[in-house]
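In the two complexes below, chain A is the common chain; its partner is chain B in one and chain C in the other.
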Partner chain A sequence: MTKTTPSRREFLCALGGCAAAATAAGCSDLTHTSWFRSAFRELGDDEKKAIVADLEREHAVKYGKPVKVGTEGPLPDVEFGYALDISRCIGCRRCVYSCVDENNQSRDPQLHWIRVLEMDKEKGIDFAHANAYYEAEKVPRDGHFYLPVACQQCRNAPCVRACPVGATWMEKDGIVVIDYDWCIGCRCCMSACPYGARHFNYGEPHVPPEQLNPDTHYLGNRPRTKGVVEKCTFCIQRVRKGRYPACVEVCPVGARKFGNLLDPDSEVRYVLEHKRVYVLKAELNTRPKFFYFYGL
Partner chain B sequence: MLAACGHEHGEARYPGVVKAALQSPGEKIEVPPPPFTEGAFPCSDCHDPSLPVNRERRKLEMAHQEIVLQHDEEHRWCLDCHSAENRDKLHLASGELVDFTESYRLCGQCHGDKHRDWRAGVHGRRIGQWNGHKSYLLCVHCHSSHAPKFEPKPPQPAPVRPEALGRGVVR
Partner chain C sequence: MATLRRFWQFALASLHIVLRGNVYYWIWIAALLLLIGAGAVAYAHQLQAGLIATNMRDQVSWAFYIGNFTFLVGVAAAAVLLVIPAYVYDWKPIKEVVILGELLAIASIVMCGLFVTVDIGRPERFWHLLPGLGSLNVPQSLLAWDVLVLNGYLVLNLVIVTYMLFSLYRGRHPAKKVFLPLVLFSIPAAIAIHTVTAFLYNGLPARPFWNASILAPRFIASALCSGPAVLLILMQLLRRFTRFDIDDRAIWKVAELMAYTMFLNLFLLGAEVFKDVYSDTEHLVHMRYMFVGLGEHRAIVPYMWFSVFCSIAAFLLFLIPKTRRNPLTLNLGCVLIWIGVYLEKGMGLVIPGMTPDTLGEIYEYFPSNVELWVAAGIFAVGFLLFTLMVKVATPIMLGELHASDVQGIGHADEPAHEPVR
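Now for the complex of A and B:
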């Protein structure tokens, strides 16, 4: 940190002095760790432990049950990739709601990381005429196909470059993550993302305590606050422990495939090598790690 | 199957798949128990092996009336898949008997491309770890063998429109 770019700590100190800020009335519920610390990426293990312990305490009080906040790091020799079979997706939205449950998205105001777009078979992939709000007694509807969209986990992620404070970055295993405690809520990343994959907490997020998934990750599904941006993390809390993302497991037609792009025997590699595959808006050179394919 | 059709050319085209098949030559793929109708298995409980077999293609009137065959029904009939000699088994075109737990071998005779993708974990659903132990589902866990086409299903609710969330703007 050079003198010309003061750290957050220095900035806050300059505002009123460290001691004063920490003890000022009305700020007494601000834990030391959440305010006077470096960005998550720069933390040592001990600092991480202290921060996570604080968070776990806060969440346990708020939700009335133990909440685990994990900090598992990337696994060696792993780069995650995802493949979705659009010839099979029936647009049932099971993935949308399993994602909400797994990742503690706000129920009210409603916030969804996955958006299922209904498109006309005649028009092909055409975002201008896509409809995410389709209502139907049964799906798939005649003449339509379905294209679920969430974070495309770009290698060349415009959102990461747009963030003025470095609150979002790509991890070694390829997952683009957000440090919610570092996000200043400016929404630059949202306007940079060409997929509409980032979502802002305009209101105080609400998750009923009995529905809160207590198995969380610091960079993933831990409870968020008003004023921060969030998005799909490939279920970082699951996949770093070897599990499949929740949407992969729930999809009733098996349209969703997930695995290690560096492993030649993985399911995603099989898809890339044997199927017709494409990425959304390839012309933007975002280089997604989320692939769509025709399995039929 | 894959081995029977010669792996030399297969290996060149689909290295991953054939490798998976070669790692366990002839070994059964781990699957949960087949989804039998309750009380239906073993079939020989009713189909007493000592009784004569009526092989004629006909409308079933004494049992199994609920089965409406919608699976190439013009050309297919119970005994194309079910063995008349051993009621508790299925049979391949070659006459080889297979257990219900290996029914994918029977399906794979016609649906070779799906069978190939399924072995690679790409057709259908898998349960387990992306980097560890996985188990497969049988074709019949998702598809009814007698009417395999999926029925349409009700979708879950549409998202609330942004206007209704009080933001007043469309994303």
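Now for the complex of A and C:
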């Protein structure tokens, strides 16, 4: 796979007129401009290094501080899973905003990877009567419960199937990721996703430099551009280094559990084996690795 | 070499023809160029600002552009309705106009390509879709399939049309063993582009409104209504303004076939409505948004009822032999069916499919001015292309334009060559 990449790039170079593209992108090494950048999955180690160095330089100039772009791969014998206790969640939306901070989501236009839905206890889990725009000061409101929804990290992911250029795929550790430099912005994946988990950058995303989280991952929270799709990655930049996702850490009631599905002693396995577990829209056979449970 | 030189001559002659025309021709061209300019300005703004210049948002992430794309795939597929009687049943009066259907297909596919281009967030990355160079996700992704079949259909029609016109220009009859297989192949190809486009929606279980197996048949039925409607009007215009002799019987036959396809279109819509309404599951919500609105959200309701009204009225006009043979009611029917299908495919398919969204949120979409101008510009490109192609094709088919050294082409009043057979 890696062998084909340089020739493709040379071909494009000849075709597109390198000088013009490099000038337009304001980059010294023209083959590393985002237009020529090959799909992440096809890159060799040396190319990854070179591209990451370029990205880090670009981001440092734009945000005025050093930014790290990691390319850590999946850990062996790890498949991540998530469990969320519906009976504990109070709908405070701290997860939403810690996710925004951790994952460098655009503040203007505003973009959230997590949507917290307020539902009637009488109706149960019923999207048709859900309300994502409830007033946060009053939670939890009587007669209601709360259902935070982000990417369900499906094993049988409709979004991966729909992408015409293979810019989104499931990694070995089960995280569905997006290559922001390969995505063409056609939004087929958004039509295919049953959970509204995918978000498009309709405008140029804006993150104030002082708020930018400089610890990033190529397939996760590195700064995005307009015209591409993004979504939750279980905080790939954290979990591949043995840390919890930001939403798990911030949850004030401990409703969020995260761990390795292949480890029999993990918290998430305990939940699966001892609690009543529910997955959203099970009839669609997407087989999520994100489980909801009733802990109380 | 001689053929190449001849082809160069053919290209120059074609250029010469499109640069000649009366005042109406130039007014028409100027109006189209003006619209194209306006569309280009709007698109430049959209490129700069991003798709935030449209009214699409995460809740309704495909809308007007993709609706237009879908409608035009239908128009492109419509050439089949002419090919089938002409070549499968060897019905002569229609053969002359088959080439117009092919030209319409070319113009429509070009518009389809433009609508997809303006809809995507990173159009400069189009090369990721090129087989070999990029990484086309076949056989999994239906958009990847659509890219293949639409481009294949474009090439097929370009080859057929160029071959036929170039042969006639050289004073030869197109060799049957070359063009007949191509023309016959264009029938399944037309069905294929429409089926794959329908599957693009159909294959999304996340969207119950589209995840109905009746979708592809409905696409084909509506395409066979809207496409021929354009051709019927065009045939009459050509008859009026050129020496093109189009048999009344050809027009009536096409109109009769359209009456059947219109019935089929309404029948399939009725079947869909019945299933949703009688079952009364939570999936009915999309149909309700379409025809009655959800609370105060009823932006598209009047358009949908108008669409149904147009489709039924057109069906009745085409069903009754007297009204489908009367030029006035015939043309009225053509306009009505065009409007009916355009509203149904352009707005009634995509928008209700996404409203409410997968988590139950209602975002009421209506196209922004940028979207409307960009769409107008794209339609103007299509009309311009079609006008120029018809302008070149007409004198060639009439035997008025031919290579200078070709003998035996008759006087302008009595073409030695019969029109395309």
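Basically, the second predicted complex is superposed on the first by the 261 of 296 C-alpha atoms of A that agree within 3 Å, B and C clash if a C-alpha of one lies under 4 Å from a C-alpha of the other, contacts with A are read in each partner's own complex, and residues count from 1 in each chain.
Here, a residue touches a chain if its C-beta (ideal position, glycine included) is under 8 Å from a C-beta of that chain, and two chains touch if they have at least 3 such contacts.
Note that this is a predicted model, so its numbers are computed, not measured.
**Student:** Which of the two partners, first being chain B and second being chain C, lies in contact with A:109: first, second, both, or neither?
**Tutor:** The answer is both, since A:109 touches chain B and chain C.
**Student:** Does the superposition put A:284 against chain B (first), chain C (second), both, or neither?
**Tutor:** Only chain C; A:284 stays clear of chain B.
**Student:** Look at A:132 in the shared chain and tell me whether it touches chain B only, chain C only, both, or neither; answer first, second, both or neither.
**Tutor:** both
**Student:** Between chain B (first) and chain C (second), which, if any, makes contact with A:161: first, second, both or neither?
**Tutor:** second
**Student:** State whether A:266 touches chain B only (first), chain C only (second), both chains, or neither.
**Tutor:** first
**Student:** Of the partners chain B and chain C, which touch A:186 in the superposed model: first, second, both, neither?
**Tutor:** In the superposed model, A:186 contacts chain C only, not chain B.
**Student:** Can A:202 be said to touch chain B (first), chain C (second), both, or neither?
**Tutor:** both
**Student:** Give one of first, second, both or neither to describe whether A:226 is in contact with chain B, with chain C, with both, or with none.
**Tutor:** A:226 contacts chain C only, not chain B.
**Student:** Same chain A residues contacting chain B and chain C, which ones?
**Tutor:** After superposing on chain A, chain A residues 109, 115, 132, 196, 202-203 contact both chain B and chain C.
**Student:** In the complex formed with chain C, which residues of chain A make contact?
**Tutor:** Contact set of chain A toward chain C: 8, 11-12, 35, 39, 42, 109, 115, 117, 126-130, 132, 149, 158, 160-167, 182-188, 190-196, 198-204, 226-229, 284.
**Student:** Could you please specify the touching residues of chain A with respect to chain B in the complex?
**Tutor:** Within the complex, chain A contacts chain B at residues 75, 78, 90-94, 96-97, 109-110, 112, 115, 132-140, 196, 202-203, 239, 242-244, 249, 251-254, 257-260, 263-267, 269-271, 273-275, 295.
**Student:** In their shared complex, at which residues does chain B touch chain A?
**Tutor:** Going by the criterion above, the answer is residues 14-17, 19-20, 117, 120-132, 142, 150, 152-161, 165-167, 171.
**Student:** For the complex, give me every residue of chain C touching chain A.
**Tutor:** Those in contact with chain A are residues 49-52, 54, 56-59, 61-62, 116, 119-129, 133-137, 140-144, 147, 200-201, 203-207, 282, 285, 354, 356-361.
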